[in-house]
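Each of the next two complexes has chain A plus one more chain, namely chain B in the first and chain C in the second.
Right after this comes the complex of A and B.
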């Protein structure tokens, strides 16, 4: 087990290095000129060259990459040849000259918002998805099954921007059941009521699409397992139906659900762009889309690195969880 | 003056589909190019001395995620300058608050007692500071602080993106280091700014303080230099007089020191972020006859989805009744809010405005590549301008342009006659292919094949199709060249990469055509996409810059605008309109002409 974890961790580091390299190369190939983008209206060739120097784009790409990686471990100094240098301490993911802040600071501020959005949404959709999926499987072919699958089909068909806007317009603007969402620093610990009011609709928005998917997935998995020999054997032994379902069928059926859930959660932790934008949440998704629109290379690189790390770590955790969920699986 | 790019990009993404729908419905009526203030019959009367409107909070809702720059030497976006100028960042001079563009574009003393005194040849300008000026800590705002603020513009290694008029106009030698390998070659002037300190003596000669009077010595006559000082000349605490306050550059990018009626309490960028301004108790109203400072708090909410923002303001309930939009109404909501571009619906009377934005849209023509004036005239005559405007949104998009000076520049504007008699006969809005053919025949040369550069959006793709079709009727072949918007200006400013003509828009830096004609048609201004090098025209610009009589100068700009259109350095397309609105409990709501913004300094909330 320990050897497996070490091997996977090393593989993860290699993957991350390759990923940072890919992001860097892709951005270097981008036709937009960051030096021109930060030039403003009073722009001249001389100012563009100044900006290129200031943004350290006038050094070879290999050296730029080296500085980026070295900054993560040892920190780095920007504008070193001016009387006003900028110190970025390790782990330095870069400095956004468009937002005049360190990338890590920006990510650190945005990450809690996305974390709570993802966790709340995840709990909601998993609860709804699993419960209704199991009910549909147990009541296969009956009205309960058809109702759940009908709801799942509708939920699956509605894009999140539509759900979010409809919820916003009806619940907040039309019915006034909730105030305009407003994220405040320190939430949820400082203002739990405001936190729930702010996050409720975003959670529902995120959960609707995913819950529909998990209803169908859970139903299919449970039904598939119901057809396995060992379930028939368990029933033949006279075990209670509850024990058959919970202890035997569901546990085995959970394996692919854990895989999907782990990756979905990790994906969501990287930012939910549409939901965050509709509900004005300052999370990683909003930060990412803003950085892409503005061609803010340091910020794009930093967010990509963080999001990719989450996905890779989630993959590792999911693999390890297999062993816990399904005794037939052994790692090592 | 560049508008907030973040907002524009979002608006383009969300608005494209709806703009197309509107384009299909757009009428052909051309709004008269006069400033429109859509105040309804039920308007709350303008504030008077007797009524105290103090108190409350005004909310500003914006799709942008932050202000472009709020450092006094870096702020360069019109809306931002209007807001910060009214709240925390005073300048030597500023403009009058009035719904009428002609009045609003009039200069008045702000930190200075008056609009400045020029030497007879306009190469030297002096301004005397008012009494009682303070910083937010209560310390006195001195002449040295103004001088220090101006000096920061020269530190272009760390102070970037801002206006550079100080470098352009102050009498300081250019940077003697030209070797590109020398990092010092990057400085724009022999003075490297206050942090490096090189060339300080040159700067001290050009900018001097005598008590409360600051004097600027210029390298050329600049008759409207008292307008220039509204942009990038705001004071910053001089570290010499404020030993406890080190200018690290970085801190002013997020929290400049205030010398106005408010100060920054909180500034968090990004989606869901806020800028909160609270009262600056050190500000002395007696030192400031301009700012009413009615609300106790200004709160800017960033990252509001544009569709949600419209719906919140339409509903106008709770805090949203005290909110104003920092941006424009989404195209799909225009018919809900307006009966026509000049008249809000009854529910929105007094709180929705439709007025000229600062920008004139046009097609520049490279006069080197299309050197035959008749050819350029044929291009202008052939263009179906009415279809172009309809594609942009019809009446709501703006009026058909006849030059690069817009009517909201007040006395600077006069009709050029471009579409009535400038080419010898009237040109219909839909273009005149036969007349264009005749002009080509009169030119004595075959019309060259043309390529049109444009920053690609869905709407401009359609514009390209209209252009190709209308030019085709006159026998002019055009190949559209779409360019990713982020790269557009980097390419079209490159002489080799740019093609014969292309799309552009321009707004003046202050309400004087000196920041339109000069930048667009001479090399000094930095936006000469038409590559104009006509000596008589350049001399005309220099003469106008030196003319101290405002009315005479305005006439000179009008004449140059007309001359530029006669020579077809550009083809004007539209004078853009923008529509915006606010909640039911905030007044007065009109577009303030100098920056095409709300009149922040006199806004208040109603019970």
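Right after this comes the complex of A and C.
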């Protein structure tokens, strides 16, 4: 088991290196010139040149990448040859000259928004998806099943930009049921009521599509497990129907679903671009889309690295969790 | 057999009714293709302490009969009618909870595929402990001790270690031993073994059958052995019931079925057993064709399309009239339109050919 974890961790590191490399290569292939974008209207070649030096775009891409990596471990100094050098301490994900802030600071400020958005959405869709999926499976072919599957089909067909806008329009603008969403620093611990009012619609928006998907997945999985021989064995032992369903069928049927859901959560923690934009939430998704529009390379690489790390770590955690739950997967 | 004698001496709840008695059992399933009549009027009885082999091809209804006795058909969406009497109690009319209380305590079942019949997430010992605690109020430690004893009893080496093994860590034969231990842990009066050796290696098959026979004697259990392999029946069973198309077609003591079978289907089954002790007269003689679809049964004798002798019956009765299961000798029932003398003649001929090939 220990050897397995070490191997997987090494694999993770290799993957992250390749990923950041890819970001750098793609960025250097980009036709737009970031040095030019930063200089405003009245632009002389001299200013562009200065900007290029300030952004460290005048050094070869390979060296840029080296500085980026060593910054993570040892910190780095920007503008070392000027009177006002910028110290960025380890772990330094870079410095955004467009926003005049360290990338890590920007990310840590945006992360809680995305975190609460993702967690709330996750809890909502898993609860709804599992409960309704199980009900549909237990009442297979009856009206409960048909209703749930109908709802799932509708939910599955609604993209988040549509359902988000519709909710925003009707609930906030038209019916005034909720105030305009506004994220404040310190939420949710300060102002819990405002937090819930702000996040309710974003949660629903995020949860709808996934809940529909998980309803269908849960139903199929549970139905499949009910046909397994070991469920018949549990009945033949004379166990209570409740024990048969919960301890024998659901335990085996839901394990792969719950573990796989960890991946969806990790994906969401990297930022929900559309939902955050619709509801004006300053999370990682908004940050990411802003950085891409502004060609802010340090910020792009920083967010990419964080989001990718989340996914890769979640993958490892899911695999390890699976081994804990299902003895057949255990290695060695 | 000592246990059996003792039990028979004790007070019987209903002396006139045999230990197990199935009366007019019908089982059907509604499917998208139509109503599947899996069991079409089976009546059967079995005395305490005996072993009954139910023989037939896939789809003949033998497994469904077993699951109907166990009360497992309803959870599969099937419809059951008829009466099932076990030890003086009618099972089909009971509430689901009442049947559940009998399952695993009064009657237990072993399934065909030990690979998939144990829950992959739980230790085998815990799965047996669960079976004990479902029916008896004893402590966990006591249940575990009993489980360990049972595992030793069913011949699992290093049982102290294996009790904490997961199913995937055991071989197929070991898992089937665990299943047998689980089935017998509450000393059931009736044990149903549904093709217990089909998924196992030939070398292990004999061991498992031996184990079932030994434990049956020891616990005084009545056994129903379901199989499609007539070869294993002779050593184990006291009585044989041959099923075809959801019906019984021949019932008798094992010796009768082997020495004087009368139904052409039984003859076909017997001639298709490969045997080492005889030279083959020609090729192995299988029964031609396939079993009938249980949705669309032939109007006359269900076996008629595959029968070699149906043209010997006058007026083509085999094509239009369902034959009845009628006694031909005491304890020997046959479902066939052929006159008894003719059947016995055919049977004698076939057996002469088979014996002629014997050294």
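Heads up, the rule we're going with is that the second predicted complex is superposed on the first by the 328 of 332 C-alpha atoms of A that agree within 3 Å, B and C clash if a C-alpha of one lies under 4 Å from a C-alpha of the other, contacts with A are read in each partner's own complex, and residues count from 1 in each chain.
Here is the rule we go by: contacts are C-beta pairs under 8 Å (C-beta built on N, C-alpha and C of every residue); 3 or more make two chains touch, one makes a residue touch a chain.
Model, not experiment: these values are computed from the prediction.
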item: Touching partner for A:81 - first (chain B), second (chain C), both, neither; value: first
item: Partner chain(s) touched by A:276 [first = chain B, second = chain C, both, neither]; value: first
item: First, second, both or neither for A:251, with chain B first and chain C second; value: second
item: Which of chain B and chain C A:232 touches, first, second, both or neither; value: second
item: On chain A, the residue positions that both chain B and chain C contact, one per complex; value: none
item: Of chain A, residues touching chain C in the complex; value: 228-230, 232-241, 243, 248, 251-252, 255, 325-328
item: Complex interface listing, chain A residues touching chain B; value: 31-33, 36-44, 46-47, 49-51, 53-54, 79, 81-84, 86, 99-101, 106, 109-110, 113, 165, 168-169, 173, 176, 179-180, 182-183, 185, 276-278, 280-283, 286-287, 290, 293-295
item: Residues of chain C that touch chain A when the two form their complex; value: 70, 72, 75, 96, 100-105, 108-109, 111, 113, 116-121, 130-131, 134-135, 166, 168, 179, 182-183
item: Chain B to chain A touching residues, read off their complex; value: 1-2, 5-6, 9-10, 65-66, 76, 155-158, 160-165, 180, 183, 186, 188, 195-196, 248-250, 253-254, 268-273, 301, 303-305, 307-308, 311-312, 315, 317-320, 484, 486-487, 489-490, 493, 526
